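First chain A sits with chain B, and in the next complex the same chain sits with chain C.
Presenting the complex of A and B:
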């Protein structure tokens, strides 16, 4: 059986728009293509779930709200007191067979991801998002589910001035329109997808 | 814009929340014994206080948890919040 072809929601938006020639851009936009995303639901006190996640992915779930733990190329994002998102750059995460009393659901195709970086990235996000993104309030390895330009987005502060924006893939085209317009005044480079 | 304190996520814009109504309305106990008037009151009748009000909100664009918020309906002052589940179990 032929392997299913994976399609990416921002492909059609970015096609022909790549402009690596922009000098000293305020913001660089690149689609990010994580290999897999798993939604985890469960009791943070469930030892069975914790050990299954440790054995399968070497991941410890963050218990502090809106924080991220990183293990190699896998990030675990706090989404709620009993909900997390595991994102792996390169590995296809296979849900463990017995995750204690928890539930793991593969949502890899559910969201499209943009990576915004550069000195003006917080000024761009401030146009559509009510959160205080100053590094004092929203440092690296902090995440939030919020609304940006009225689209429900998971925001992940990956490195200083580097943010990943997870948006529902059916909103990708509309969200792309808002992001590129919001970035335009700062000088915006559209880079090839980062896998 | 109102800023609602989510007990998990901290202060967030009201646009991230859905309103869940009066936090202290409970269905009549004993569904067979309760009168039609008691059920009618439970479904339709609400106080409209001018001042401190305990109400339910869902952080629908955030952590999606139901929370219980104490808000002054006159001044919009926020007097704190708690997870709805924990506060329901305690009362």
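Presenting the complex of A and C:
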């Protein structure tokens, strides 16, 4: 049987919208296609869970609220006292057979991801996000769950002036519309998707 | 000749950049840097509008936010904006504005007739006159509403867009004058994050109108340097053209910014929601008018405004001026005018011997001072031509009056600190006798006032006070205080002011002495209100409209309070003030709505297969935030016909429907089954791995909360589904119980709603369609009714649940969302051989009504399991959420409404939606209602209309005939009560 065609959430929005010609854009939008997203729930004190994650993914869960630990191409985002999101750009994260008393659930198709970068990225986010994103308050490797334009979004500060925005897949097209409109006044480049 | 009143030099206007504009159709010219008001005055145009009630001629009175008169209709068509203050409109080339509240023209206004009959229009006129006969109010109202109001709202949709912006800072400084700038500098130098908002397009506030020096250099130079320094700090945001309009709880402030210049894609205005650790209120002070006869004539202006026009805009608003003031500050205006070559006829001052520095300078410049005098009346037709002044004693001017010819009368009754934002923050005011005004006293939030906003009117003290406030605010926000030099200005010694509230004389007893220019409230109106018993300031405001309108009494407040206090023999602080509420100045609705309009009013949720539905020509329906395919009509086919076709395809062959919107929750952990037993009414422990079961959840009060199918996909793992509408609520409900009530349970939840695309494949041919797409054994032995398996379908790893909502042999297939479209298309391809069709929510609804399955219309928050025929599901030998309260007598009453089916007695009449069931439709009201229709449709399978209903003791009424009445559609249908399962009551088809 032939390989099934995978349709990404932003396919219909981004197709044809790419405009690499914009010079000195205030913001660049690029769709991210992480290979894998796993939701982790469990007790951070559970040694079984910790060692399973370390052995399988070389990941240590962040314990400080709203922070991210990175190990190679895999990031672990703190979502709650007993909840994290593991995201891998390149690897298919295969949940370990016995993750202690924790739970690993595949959500790779559940969220669509946009990467916003550029000098005006904070100004754009501040149009919809009530959190304080000043680098002193929200430095690199800080994450948050928030609402932007009434869409529940996970925000990950990946590098200086680079943010990944995870929105539920079903909201992707709406969210794309909001983001592109919010960026327009700053000069916006739409880059091809990166996986 | 243009700009006749423009001075040859001076001011901040750019004489090399002329701006053409039009006012009431006249083409005029001003300069960049002008406001509309200054440009009009430069052209000798004072008359800008007609007053609200009496249609009296009104001229430009102020120079900023306090302006009560010069409200104009800015621009035309879709971009028109009513009631904009000409004193704050930054002039641009091509600007078009028009006066308001006049017809047919500003000069010859028919409404001026109201002034002639003004004796008949006292305060409360409308309340008194249009009460009788009571039933006539609607007729009166039509006429009165037409006469009321000033400008015209735009009729066309706004072509511009507006943005919102969240911001956070250590210190928000409201005000860009001397105190605001020193506060911002002091805070910025500590490294604090600072936002400075200035409602003007120029920075400098009062310094812009004062010919003074700071640190021995011209004031304007100091402003330039201060702003330039602020711009060097990366954590300082300078917002010009930005009004702090509201001070809300938790130090949240609203700022509305006019975006300029308009870059492409830029919003017209930006609404900032600023969360500030500390706030410095440096909004300055507002000059008060004086109350005397005909004090509203064009050409009567606030003294400070005149100084602004002379010094900032290089405009002389007249050629021969009288200055009438009870304090020293207006002497600066006299000197400014004198320097600009305007003749000063006299300074009229009620104080017997003004000898402060400014009066002394005026005397030295040869300006005549009429000490101990007051102006009793301004005279003139269209414009002030002269004033009558005479010796004043306790507010009364005697008969010995002197007429002073002039075309400009500058008035100053003292200064009131702009305490609006402070009061909005719920801070407490204190009355300051020295300046006869209210000043901030006790703070309620993390703010401090600085400079003139707290009653310090000397420039030198404003500069120092602002610097201290800024440093203290930054320190309070957690920044380290640093010592820095404070700029200084010369102290000017001044004499105390002399309060003078309502100036009367024998000759002006019946003349209009205006207190509130915008609302046409006179001192006599205040007196009448008091005589009629409106002695509370809040009552007086509503009765006379004193302090209402777009300016909210910025210039009239204190004068009104003082006149009221005198009339009731009270002190001003005892009278108190009316409540200050946001906004400080009007905010356009577009800015408040921001981007949340049109497509962005609410986000839209789309299924992974949405585009395939679009291509298939689906008509969509909003289901919460979701957009779901309702029906797929073919060319020329009506929606009902299409629905019937879709239903019959499922009943006869096969169909697919997109059910991705269902809530899906992954329930995992050793105690998962125990948890489900507690949240569902039925049993879960005994469910085998690989089996699905229908579950019913109750609210705490025993009524049905939600239903859905939950499948044991592993020993410690269940896949729960919820209804589309309750997906979020169920997740919160379950998470709450786990976190708060049962933390000991080893259960973890993950919402997987968006991860899985879901398709229901239903119909007698559905097994054949499925088998064509997978190597897995989907025979009824391997995958029986309510069975579950995992398989590769169309190359995609899938979960297959053999469950049925339609009543046919059916499967629900889940695949990771990005493969949803691929699965859908593969099913279409494989289904072609079996005449498979697609169906939407309408057909899905018909199928489930035929089968008697409940949905949101039956689970309406009022029904119990027994009501809908599912009482047997409630396990007797275990507890669950809602079970204790399900035992309440009212929920077990015999006459509760129970789920039944209805068919029309004639076999063809449609049963109306929401119809009420009665025994006898002819009976007079109140006709007892014994039930209501919940779901209704035409059943193409049974070839007749059918309905589900909730009917008192319904299960005992099968076979009875009742009437379904719908007053909304004015229909009555004779119906027969039948069991609620119309189709395949034994369930043989779904087990096939």
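Everything that follows uses one rule, which is that the second predicted complex is superposed on the first by the 191 of 195 C-alpha atoms of A that agree within 3 Å, B and C clash if a C-alpha of one lies under 4 Å from a C-alpha of the other, contacts with A are read in each partner's own complex, and residues count from 1 in each chain.
We take it that a residue touches a chain if its C-beta (ideal position, glycine included) is under 8 Å from a C-beta of that chain, and two chains touch if they have at least 3 such contacts.
Just so it is clear, the structure is predicted and the values come from calculations on it, not from any experiment.
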Chain B and chain C placed together on chain A: clash or fit? fit
Q. After superposition on the shared chain, which partner residues are touched by A:109: those of chain B (first), chain C (second), both, or neither?
A. second
Between chain B and chain C, the one with more contact residues on chain A is chain C
Key: First (chain B), second (chain C), both or neither touched by A:9   = second
### Message
Per the contact definition in the header, classify A:130: touching chain B only (first), chain C only (second), both, or neither.
### Response
both
Query: In the superposed arrangement, does A:180 touch chain B (first), chain C (second), both or neither?
result: neither
Vertex chain A, Cα centroids of chain B and chain C as endpoints: angle rounded to a multiple of 10 degrees is 50
Let me test your reading of the model: by the given contact rule, A:169 touches which partner, first (chain B), second (chain C), both or neither?
second
A:56 contacts which: chain B (first), chain C (second), both, neither?
-> neither
Partner chain(s) touched by A:146 [first = chain B, second = chain C, both, neither] | first
For this session: Considering only the touch criterion stated at the top, classify A:67 as touching first (chain B), second (chain C), both, or neither.
Result: neither
Superposed, chain B and chain C have a smallest C-alpha gap in Å of 5
The shared contact residues of chain A with chain B and chain C are 130-131
Residue set of chain A touching chain C in the complex reads 1-9, 12, 39, 41-42, 82, 101-103, 105-111, 123, 126-132, 134, 137, 149-151, 168-175, 177-178, 181-182, 184-185
Note: in the complex, chain C contacts chain A through residues 163-168, 193, 235, 263-267, 273, 275, 595-596, 599-600, 602-608, 610-611, 626, 660-661, 666, 668-669, 746, 748-750, 752-757, 792, 794-796, 816-823, 826
Chain B contacts chain A in the complex at 1, 8-10, 12-13, 15-16, 61-65, 83
The answer for chain A against chain B in the complex is residues 65-66, 79-81, 83, 130-131, 144-147, 152
